[in-house]
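Got some structures for you, see below.
In the two complexes that follow, subunit A is the common piece, with subunit B as its partner first and subunit C second.
And then the complex of A and B:
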């Protein structure tokens, strides 16, 4: 079997499994939808943090911006601020059409807003040449500050957050609806990233990661590429956030939208666990992390967050190279041009795995 | 911005804010000194700094509940944190010390999350404070009030800082720590056990934070998830003052305390945290901008 047919088999297999999953595991539909959210978080982080080597601790900003924009558009489109306050956020009477228009328009606006913010931040931070850990800490500050500002801002509900409209009955089951939205979004993101990594863009951002000064000396306009990469990441992250807000149904400024200590750190950890700087690493990492997290939630009631914290430390301290990095060390000769697919196929049953 | 007019109308109120801010700033400076120590010696930016502070506060709270006098509890909390810091170094930090800064930041951030959740589990998520049982001074016909505990903790923090500086300057161990900071390989050749020095440095930092946290619990409030703000404050102070600049750290700490107090009053208490983190971004951007004029960047 050559590389091409292996690849078709792999993608086909994952596709069929993904389409059937909500009916194979009916009890876990919401968790399955969140699995795709996690994969999206890890993939978008890895574009900047892994492939380009700019480890951002505050990409959660774009997630929250998307979430809030979508919720605000949904609210303003169908209700005035007064009326919204009157019903205390319990917007129940939206028809399917209204709900979809609000969601779609909101996600689009959120994506544009996130890209504009990424552009401005990119000009302030990246174009000025901030690097390494300082970039990480600066973005961490941005993420937390965004959450704190949102919790003080009356227009977006301040500390009590926002409630998204109740899911209309005409659209079937809520978990399945969002499952397919996230599945579609993941496929689009994955294909986009795959195309980007395969071409000049991928080479340039890898060059920036390896040695930015040399890349610049070679005549590459590194700033443009850095900002573009951040904008792409922000675009997809914002779309994810917009839909995730509607899936969760309640937007808390610091616990859900700008959740630095949870989603914000998890996206980094999932990419590291799978292997940062690879296409498949974040996907594998997200799956393992999400399953582990759900297992903790089920069996370690009360201590699940402590266990998760220990798991996080363990990943970073004992396994910083990630699964893909480990596989590359283990079977270096097998990593040709189609690195990722091969490793994925080998990991479960491989010798000594 | 209504509160801004109050400040102009009653200038004496600014004095109140200034005094409170400076007294609290001493504690920030103490924690920042610990961060600078670890950063300078081990080349690690400890993101669990704030959690060490809060943990120190909760230990004092527990000791107080057990019947110990709060001031006696401060050295006990510091000693307990010394042991905890040592254990954390042996388990986790020793494995990331050779890796790049990104991994060590992430590892200490992970430790921070773990400690947060442990404290949440053990002490509960409520806001706590320790009553030290001291009174209040009324100055200028009662227009300015100064809590005595704030003054006491200010002096404790300052004395601890001076003792630490003298320790680093005068003792053999302190000299070994400074030698390791300058060049760890050269220190090794000269017979310094750098692994032990690292362990002591990290544990010492934890102890400093523990003492700072014990003071915080008496003058302010503590809560398991408040740690990150202390980490960020320490980081800002170190960034502004630079590594190895004790006087600078003290002044930056006092300045930050005052600035934060004014911002909290003018913008409203709900934006005080937003101010701290926005200030971090602004300071980093400003430092980076100054360096970029010289075609350099922060490293």
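And then the complex of A and C:
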């Protein structure tokens, strides 16, 4: 009861704060929208990299696929291919309705495309039995390859990338619009993951992380679970990418869409900083990381990359388990890991086996 | 005795030039407790690994109930109802004991709907009662990795029971367990066999345990089947004594 009311207070507090934030910090609306993007990146990475223990360096592929799919659908729905280059940047080129239809349909198609790609990659990589570092190296190549393909493909603008349509005036302020899209997406993702982790699916992917041989010896069809987990991750990541492309407005194949060295690495770092394999870890990690990064950018300009690098080293050295992992080691009872002393006294030989 | 549940016929397994199993033939009747003994390196664990599909065998046939399983994979064999435990404990260390139990429900996640399902109260109840059975109930919310080695073995045994197997292959169930608890574990093994009807096939080095537990014992040495019989026959078999004491 007490725990329940505390939980309602926590979620309610975060909800109110999140709804008010764009008006509390009016100068930081775009950064706030990106905060939700960061949380989404960390959450979706952690599903596979943390909860399942398959550190993927290629999840950025799904982000980029969502981004490109949404942009392409938006374009094809409203323009001819040749016409597009000239009108995309023109003011008032799309009405609110057209813009929303393109965005919504594009994100949906992008999500389906990402799931299909995750399924195919999963069958190629996971069903082949790639584990641990081998899986990591395989996926590392994916992001690079995707960036190269996009850079050379005329249909999606090749190396010069794509420009998304100008944000229609009828929809209000661009940053606020996307702030709430990402807020909503984060809430849906968080609730979905929370539900998945509480059931059979969550326990099975945890079991795969802890001892995959044992899971197989117990009759668990691990490959199915692994591929499904990757598909779920790809689904939400692609939705994030689809909207993020429209927020950024310009889709560069390697700097924005398949941005391995930035988003691709950050999603891993944020999950590790907060505590991989925990529900809240990626959220906390993303908030700390994003705020720190913005602070470095503002106050240490010129040295911001160095400071960020030093920060990353410090994370890995001092919090290898992440903040949540560290807290769990420190106060195990608060996370529900306790011994029932009364029952222990009743059980002969319960101790010292 | 005619109801043979597991039959191993002429199974050989080589690792490079080393013959780990050489034309082993043995039978495990349904509902019984069968022992497998032999000096270190005699091929006991290799035989277990061959049976459960951990590696392919070079020749021979393995039948479990009506299935030929020598070409099947680990997961599929486990789903037929044959579960093995490991010599070194294999548990899910970063999960609580209860989670270890809940994830071990049989034929886990057949379809997509079952994959995403919640756990029913029955599963929780059964997990708790089995943890009670092995004496780990008070520690059910501890991380399995924080248990002692002996407790992890008990947990692994409880997890195997949770899976409702028809046959359990136990690789040295009492190794590393406090001697005062061995009697308790033996009693639990016998109860699992008698009450739940689970066939047990046990590798064991502790002679007192295996002689009291098993009805039939097979003895391996240098990858070959040396002898088999009742515990009394095995104890009096000169070839077995020689194998253990190193006479050749």
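Just so it is clear, the second predicted complex is superposed on the first by the 328 of 353 C-alpha atoms of A that agree within 3 Å, B and C clash if a C-alpha of one lies under 4 Å from a C-alpha of the other, contacts with A are read in each partner's own complex, and residues count from 1 in each chain.
By definition in this document, a contact is a pair of C-beta atoms (placed from the backbone, for glycine too) under 8 Å apart; a residue touches a chain by one contact, two chains touch by 3 or more.
A quick note: this is a predicted structure, and the numbers were derived from the prediction, not measured.
Colleague: Name the contact category of A:170: first (subunit B only), second (subunit C only), both, or neither.
Modeller: It touches nothing on subunit B or subunit C.
Colleague: After the superposition on A, what does A:249 contact: first (subunit B), second (subunit C), both or neither?
Modeller: neither
Colleague: Figure out whether A:204 sits in contact with subunit B (first) or subunit C (second), or with both, or with neither.
Modeller: second
Colleague: With the two complexes superposed on chain A, say which partner A:220 touches: subunit B (first), subunit C (second), both, or neither.
Modeller: A:220: touches subunit C, not subunit B.
Colleague: If you stack the two complexes on chain A, which partner ends up touching A:124: first (subunit B), second (subunit C), both, or neither?
Modeller: first
Colleague: Given the touch rule stated above, what does A:141 touch, subunit B (first), subunit C (second), both, or neither?
Modeller: After superposition on chain A, A:141 lies in contact with subunit B alone.
Colleague: On subunit A, what residues does subunit B touch that subunit C touches as well?
Modeller: The overlap between the subunit B and subunit C interfaces on subunit A is empty, containing no residue.
Colleague: Please give the residue numbers of subunit A that touch subunit B in the complex, ascending.
Modeller: Where subunit A meets subunit B, its residues are 55, 57, 124-125, 128-134, 136-138, 141-142, 144-145, 148-149, 151-152, 158-159, 260-261, 265, 268-269, 272, 302-303, 305-306, 308-310, 312-313, 315-318, 320.
Colleague: Inside the complex, what are the residues of subunit B that reach subunit A?
Modeller: Listed in rising order, the residues of subunit B that touch subunit A are 45, 91-92, 95-96, 99, 101-103, 105-107, 109-111, 113-118, 120-121, 225, 228, 232, 235, 268, 270-271, 273-274, 277-278, 280-281, 284-285, 288-289, 292, 297-299.
Colleague: If we count contacts the way the header does, which residues on subunit C are in touch with subunit A in the complex?
Modeller: Per the stated touch rule, the residues are 52, 74-75, 78-79, 83-84, 86, 90-96, 99, 102-109, 112, 114-119, 135-143, 146, 148, 150-151, 154, 159-160, 163, 177-178, 180-181, 184.
Colleague: Which of the residues in subunit A come into contact with subunit C in the complex?
Modeller: Interface residues on the subunit A side: 196, 198-201, 203-204, 206-207, 209-211, 213-222, 224-225, 228, 277, 332, 336-341, 343-344, 347, 349-350, 352-353.
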